[in-house]
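Several structures are given next for inspection.
Shared between the two complexes below is chain A, which has chain B as its partner in the first and chain C in the second.
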Partner chain A sequence: MSSDSSASLAARLRAPFEGPNTIGNSNGFWASFGVAVLLLAIYPVLFGPYAAATSSVFLVYALLGVSLCFIWGFCGILSFGQVAFFGVAGYTFGIVAINLSSYTGVTLGIVAGIAVATLFAALLGYFMFYGGVRDVYVTIITLVVALVLHTFLGQTAGSEWAVGEAALGGFNGMVGIPDLGVGVGDVGITLDGAMHYYAALAALIATYLGLRVLVNSQFGYAMVATREDEARTEMFGYNTTFIKFVTFTIGGALAGLSGVLFVTWGNYIDPSEFAITAAAMPVIWASIGGRESIFGTIAAAIAIQWLELQLTGEWALVIVGSLLIIVMLAIPKGIAPGIRDLIVALQTRRQEPASDSPAPTEEVSD
Partner chain B sequence: MALYELLNLTFQFLDSFAFIVLATVGLAIIFGMMGIINLAHGEFILVGAYATTLSFNLLGVPLVLAMLVGIIATTVYGIILERLIIHRLYGRLLDSMVVTFGISLVMIQLTRIVFGNSLDQIGTPFGGISYGVYSYSAYRIMLAGAAILTLAALYVVFTRTTFGIKARATIQDEETARSMGVDTDRMYLSTFAIGSALAGLTGALYAPTITMSPDLGANFLVEAFVAVVVGGPSVLIGTSLAGGFLGTIDAIFTYVGGTFIGQVALLTAAIFAIRFLPDGITGLLEDIRAKRREAQ
Partner chain C sequence: MATSDPTVKTTAAVDETGVETDTILQTRGLRKQFGGLTATDDVDFGIDEGELRCLIGPNGAGKSTFLKLLTGRLEPTAGSIYYDGDEIGHLPSHERVSRGISMKFQVPSIYPDLSVRENLRIPLQRIADPDTFEQRTRETLERFHLEGTADETAANLSHGQQQRLEIAMAMTLEPTLMLLDEPVAGLSVEETAEVADLLRTINAEDDVAFVVIEHDIDFVETIADQVTVLHDGAIFREGSIEDVRNDPAVKRIYLGEEE
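On to the complex of A and B.
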């Protein structure tokens, strides 16, 4: 009883992040979330800055996966085009930062990269949703947009395809993109190596918590309603077109952020980021991890990319592909919601014999 | 001279038209009639192309027979896949897309592991037709004929035979069809088999003209998807009209600016077509017909 006040403080702190739209509202979930964050935070200390610098890209991919999870899992928009915003932001950052080679350039590059990706997503979203394009046709348009960019950037090898100092480079890609950093003129800090890792981790955690607040807000309820039954939601007076437009734009902005983090990690980008195999990766992460669980998508993105790196041999894609087929057939909603259902089922079974006992006060999950 | 230029453009159009129609029909039937988006469609074509090439190279059978082997192999492959995986996905449109993408990944990589990065290609038969300073491959012109024949044959099968009527009844209203004694499960399987056979036919026909590599399916995928979406709900008419529309655009822009410009023009036109005709060309035709009926 003495821990009552501290428990209620924790509950008050947690409240904005919890609701029916997120999986994992229990003490157990937040404890494991804390452990996961802690492990990710001390990873560079345990394995050294080099390992951290190499692993940074997993967090970047996780963020890209989250951008899809948000629009697909919560609003029902399946986009194969997240890589388009990812890549456009990357190229934009490269063009700005290479041309203005100072901290100002890098800082402006971050802003410009995300802004251009957001604007691009807004334009495409406006074009599609206000034009009555829906369901699977949205998926196909977004896929085609990514493939158009792939074809377009693939033929920019000539010297006429350069913006100032920055050559687009065709299939050889754009090289010499500066590191991540912030500052003005010559004064600022460069975030490379382990610092890039922490920057990506901070972006990922902030995005995760921010999206949890958003999907459990009034807007989030409207998003989920749109996913479940668009016609009925519209009958209730919600502007579902606008909801989809805003959701898609936010997803584009997040993909843009991950694109900027990606090019500052490898100092390089090429058109293969827009190819069909790349375009499908976010869909694979979200499908396997569970598209209605942001946490599941993050875990799946990191695990699958890590697995792919370990299985450098020719069997890597066979295994990832088979995994995708098996998970989709066995647990159509993905692993994280599957685990949730399992926990709920186990608990109800345990409680059934003692059904006359008072109802449990603690809600483990929604 | 102007006549020759016109001939060039015509051949270019026939080539684009044939390619779009043949790349699309198999996908269009499976999507339009069964609601399955087969992202592994390109790999069905791959099976057809590889079976044709391998039986021609290794067994030394005549090309026509090798093509038949290609079609049969793809049909059998399609039937196995339908029984194992696809039949669990009916009514799950987006899931079908994700699962078939997984199939596509596995197929491409397995082909690479088993057969390496390329196969010896069959030489293009028939030689060329010369006119003035130009010449054009006769085989490619024949492909346009094959595309039109395929469409005509499918039209007959789906409108004039008992099988076609049963299949369409199943697609329109499964419960009623079943209560009338149609084995709907078998209809789905047969429709999927026909779709697979058509993909096999495409692979077999294009085997002598394209590089045999494990990712050759990707060459067909984009055109196929774009044409299905632009065509709209009525499968055969939609595919023909989309082939005509997109083929014209592709031919003109390829003729003016080269393959790359043609490709970009095709995809841009497709995006605009989807934006302004969300139900495709046949959706528009349906609207016009409905309005005319109202006016009467």
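On to the complex of A and C.
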């Protein structure tokens, strides 16, 4: 029947995005995912381009959160320094785009920003993982890298600290960074205002879907196995060092992408992006939303950054900190996995009296 | 000492011609030192294809260190390990596994938070086509008496089931040599008999060589004919289980005060 075949088509389309490694594999989940995307897409229409332009940064932060969620939640690498790749990409974009003030410069800046962040993550990851650095020491080293960059860029106020026309500016930051755009020479489009919002939204959705495919692939299983027990996984013939290296590098590339989107949003970057409060934010988003859920981390990043903006000032951090402590005590795995467990518990309770048929793996919203 | 027993083949698989014997694994002068302590002392240990050999010895005899040298968890201080004619003593663990060495840890190190199906998928996806996962999982569960557990979280299995799952996972890689570290530690009498049965079956049917580290000599008797006794990091005796068991010197070091 046609409804049957359309259902199987939907299942076939969904298959690469689904598996036990991701939360949300049910019709209900994809329906709410569709609604969320739709709401985000019509947000600029409902609230106007100015609101969209302001809100764009939430999507950018969500992408930064995803870069951590991916490496921490799926491979067990807790990096406290995702902001290092974020910031390095931002500064790199600024240097390239300011010096080559044309669409070519902006386009090259995007490529250079992401490439430098990726290379930086690859280099750091190579020395850490092939040097046998593990667990909490990875966390400490990544944090230290971010803090070193904070200190280093903070002392670049002098006029000698300029790359061509781009002055690093010390704690005053780098100003006059061009808008996002693509093109060659004078021909191209500028993605500012609401267009920046849509660019960030597209990047976020593409990253989300791409990572869902990745974590449910063979590589994803290897990542999860490495997270669960590295020694055991190596004895199944997996090169866990290489798996961690690749995962960490992808995480750095995604943080770099979010960094480029960030500096093209505010046309500005300063060393506070590397500071300890900034470095802690991705960890907080992933912890509250649930590090094993990309969707949960995205939702938490948007909600927390929005909340922080509403509260402003000293109290914002106190409240976010309290929220973190409450969630960690109540649901250690975070909100999204908590909801998943709740749904599974309700479903098994409903099924048990009815029959003892084996749980249908296809539609259970795990 | 090690080579004095004519029933044990310790001649070279490493002979340049490469055709000398059917030895699958051979160590030559393998040594591991931790500071002043020699945990493995010039060990020449060989095992043939399809053989089931138990490695016994009192606590502190260096069994675990020797096993870690074979799996690649530890780097040898000196000496070499030949597997299938190639020197593997400095290869990382995962490359040794790719060459056909599989390992079962002492504590059942399955992935406790993953389902049985996902546990099996980790080794399965290294060797099989995704289309065959479902069928192969079913076959494996049947063979290892784990039917109906596919969607259970591995942590919820009984201890005996976890041991069998781990052996099943190691066997999924279709190894030619399997290293087992005290496979029956902490198991009940029935579970021990079941594992012994399973090991004998696999050894016979799949033509896999086994090195089993064990200190329960009664269990050793039920699975192996040939044993190697380690003492102070060196090979102390090698031979049939009867000979070794009746050797007064072995009794002295291994069984301690008994008799």
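One rule holds in what follows: the second predicted complex is superposed on the first by the 354 of 366 C-alpha atoms of A that agree within 3 Å, B and C clash if a C-alpha of one lies under 4 Å from a C-alpha of the other, contacts with A are read in each partner's own complex, and residues count from 1 in each chain.
FYI, contacts are C-beta pairs under 8 Å (C-beta built on N, C-alpha and C of every residue); 3 or more make two chains touch, one makes a residue touch a chain.
Please read these numbers as outputs of a predicted model, since none were measured by experiment.
Undergrad: For A:L78, decide between first (touching chain B), second (touching chain C), both and neither.
TA: The answer is first: A:L78 touches chain B but not chain C.
Undergrad: Mind working out whether A:T151 is in touch with chain B, chain C, both or neither, as first, second, both or neither?
TA: first
Undergrad: Of the two partners chain B and chain C, which one touches more residues belonging to chain A?
TA: B
Undergrad: In the superposed arrangement, which partner chain does A:D135 touch: chain B (first), chain C (second), both, or neither?
TA: After superposition on chain A, A:D135 lies in contact with chain B alone.
Undergrad: In the overlay, answer first, second, both or neither for which of chain B and chain C A:Y221 touches.
TA: second
Undergrad: Of the partners chain B and chain C, which touch A:P16 in the superposed model: first, second, both, neither?
TA: Neither partner.
Undergrad: With both complexes superposed on chain A, which partner does A:G34 reach: first (chain B), second (chain C), both or neither?
TA: neither
Undergrad: Kindly classify A:P332 by the partners it touches after superposition: chain B alone (first), chain C alone (second), both, or neither?
TA: first
Undergrad: Output the chain A positions appearing in both contact lists, the one against chain B and the one against chain C.
TA: On chain A, no residue contacts both chain B in one structure and chain C in the other.
Undergrad: If you look only at chain A, which of its residues touch chain B in the complex?
TA: Touching chain B from chain A are residues 78, 127-128, 131-137, 139-141, 143-145, 147-148, 151-152, 155, 276-277, 280, 283-284, 287, 314-315, 317-318, 320-325, 328-329, 332.
Undergrad: Can you list the residues on chain C that touch chain A in the complex?
TA: 71, 73, 92-94, 97-98, 102-103, 105, 109-115, 118, 121-123, 125-126, 130, 151, 169-170, 173
Undergrad: Write out the stretch or stretches of chain A touching chain C in their complex.
TA: Residues 20, 218, 221-222, 224-225, 228-229, 231-241, 358-359, 361 of chain A touch chain C in their complex.
Undergrad: Give every residue of chain B touching chain A within the complex, in rising order.
TA: 37, 85, 88, 92-95, 97-99, 101-106, 108-110, 112-113, 218, 221-222, 225-226, 229, 260, 263-264, 267-268, 270-271, 274-276, 278
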